[in-house]
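I've put the structures underneath this note.
First subunit A sits with subunit B, and in the next complex the same chain sits with subunit C.
Moving on to the complex of A and B:
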């Protein structure tokens, strides 16, 4: 093992400890599990809720078709894409900028630790948080969906989970990049959320021209969950483009951190 | 199939939802009370955690605590 890798592992270990000590590893997955459970349960009780709470005239009959299990899972992913993404980005917004503002980053980086292994260790902990929460939430949603609404193929669940996880990883790479470039954590969260929302919007409005952008990944994940395949020849391009964008933003973050480790 | 649902049937389905919300609330409340300093008055956070469902504890975890990244 080279010394660079050894240092990276030491740093990553410290980041994981930080994740546990700030209790993020506990409450973020709990929120995802809650979001995941709520979707199938509220779809299951929708007729009952409308009947009790709505101001329906007496005798009116509402026929709401029970959705397919696969559609409920796609809706769960949409929940993760709004509330879940918000929670993840807000939890990750201070990863670099808070340590730079407090001077801790400068203290670490005077030691023989490269700025790239610093960024890589931060990235590892964010990835663990995102994938752990997404998996926990999605699996509990799957369990409830098959219990209440209908069975869904494991292959669809796995496929959409992987694609959606890549989308979340991309959003977190943006968060890390903006957290390095910008001084305030709030500005970093705002830019990362804005950029991912703009990309999704672009991919949604121009699916032909912008289908290869990372923003279309969430749409592909819904497609895989509800119909079993991404159904577009741009899917592969989109995967490759996202991987490249993640690598690019991490490199850029490391480069900019190398230039100025502390904020004066 | 939804016509005659009674409470005994609802309970096992809804129990995990209430349980998770309760765990988040109690956990946030304990951290809030044990914290040396919070961002803003402590009693305000306690009220928010107790009365704002789900978003209250999340807001405290994200914005209420000091000294962590």
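Moving on to the complex of A and C:
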């Protein structure tokens, strides 16, 4: 093992330990599991809920067709896209800026370590948090959907999970970048959420022109979950573009950290 | 003659339109303990941070001397750095942090663990090694900072105001530790507290407004700039104080009673009821003064003949 890799592993290990000690590795997946379970459960009990809660006249008959299991999973992903993404970004917003503001980063970066392995270790822990939470939440949603509503193909679940995971990874790369560029964690969270929302909106409003942007990934994930295929020739472009954008964000973060390591 | 270790050449740094450090040169020799002394805002921290590699200089070079060759950059493996108020990860234990620091410096895990234990023992933290850093006191954090800076056996230990933020007890602890450490490695530390510098270091570099005001061996400086002074302690009565002011005034305007006094005494300063005369020749000046004191019926409670301290020199140099 080269010394650079050894240092990266030491830092990644520290990041994981921090995830555990700060209980992020507990409550973020918990939020995803809750979100994941709530969707099939609330769809299942929707008629009952309406009957009990709505101001319906006595004797009115409510007839709601039970959705397909695949649709429920797609809706779960939409939940992850709002609340889940918010929680992930909030958990990651201070990942670099908080350490720089406190001065802890200066004490680390003065050691013979590269700013890129520092960023890479942060990225590793964020990825682990995102993929772990998403998988836990999505699988529990799948389980409850198959119990209450109907079976869904494993291939659809896996495909949409991977595509959606890539979307979350992209959003977290943005969070990491903004956390490096901006001093304030809140500003980083706001910028990352704003940029993700703007990209999603762009891809939603102009599916033809902007379909290759990372913002269209969440839409593709819903498509895969509900119909089994992305159904667009721009899907591949979008994957490639996202991967490139993630790599670009990380490099930019490392470069900017290298140049302004003094700020603490 | 000692071997040069670090050479700083024409170092300057500007932040926007403000020049924090304006072209300083110095040489640190192996095994010496060097104090970078200066008032607040003199550019000490900026200099230290450039040497530690946390800040890029606007001009000039910092390099380790290897034989005749002066290296540039890539100093980080040779330097152990401790900032003024080190900030650690509060959720880690002291031992975990030092092990982590060791691994970041390229030590294999098992090595890092044994080295960390050894160092924590050394800085007197072995009882607290398994406690979270969040519960440490200021002095303990500073000692932990020393341990993490020493983990890779650096050639040069760079400390920024190591004791300024501590209470007297913590200060004592850290100073004693530094007293031991300086026997093993080269130390460069910045301070604005003169007694700390006098207590610890072999060489001083006094900087003011981003430029070197004075540098050299501390004992040499002390003897070279040592000047005789006569200190008068007056009773706090009106006529005596008036006399002191009048004397100082006459001295400034150069209309002293005897033209002889003007040459003997070259500086007069009064602080409360004590007056200081910087003189060229003690005996003659004393005679003159005593004569005048008797004639003016000045009430003197104490007269002392001594020499300027390093502090006087420091004050003089930085107030230029």
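By definition in this document, the second predicted complex is superposed on the first by the 262 of 264 C-alpha atoms of A that agree within 3 Å, B and C clash if a C-alpha of one lies under 4 Å from a C-alpha of the other, contacts with A are read in each partner's own complex, and residues count from 1 in each chain.
Definition applied: a contact is a pair of C-beta atoms (placed from the backbone, for glycine too) under 8 Å apart; a residue touches a chain by one contact, two chains touch by 3 or more.
Predicted model only: the values in this text are computed from it and were never measured.
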Taking the superposition as given, does A:248 touch the first partner, subunit B, the second, subunit C, both, or neither?
neither
Touched partner set for A:204, first subunit B, second subunit C, both or neither:
neither
Check the residue A:18 against both partner chains and state whether it touches subunit B (first), subunit C (second), both, or neither.
both
Once the shared chain is lined up, is A:194 touching subunit B (first), subunit C (second), both, or neither of them?
neither
Regarding the shared-chain residue A:48, is it in contact with subunit B (first), subunit C (second), both, or neither?
first
After superposition on the shared chain, which partner residues are touched by A:87: those of subunit B (first), subunit C (second), both, or neither?
first
Subunit A contact set shared between subunit B and subunit C covers 18, 21-22
Name, in rising order, each residue of subunit A that touches subunit C in their complex.
3, 6-7, 10-11, 14, 17-18, 21-22, 102-104, 106-113, 261-262, 264
Please give the residue numbers of subunit A that touch subunit B in the complex, ascending.
18, 21-24, 26-27, 30-31, 33-34, 37-38, 41, 44-45, 47-48, 87, 90-91, 94-95, 98-99, 148
Could you list, by residue number, the parts of subunit B that touch subunit A in their complex?
2, 5, 13-14, 16-17, 20-21, 23-24, 27-28, 31, 54, 57-58, 61-62, 65, 68-69
Which positions of subunit C touch subunit A when the two form their complex?
49, 52-56, 76-77, 79, 81, 83, 85-89, 91-92, 96, 100-101, 103-106, 108, 145, 148
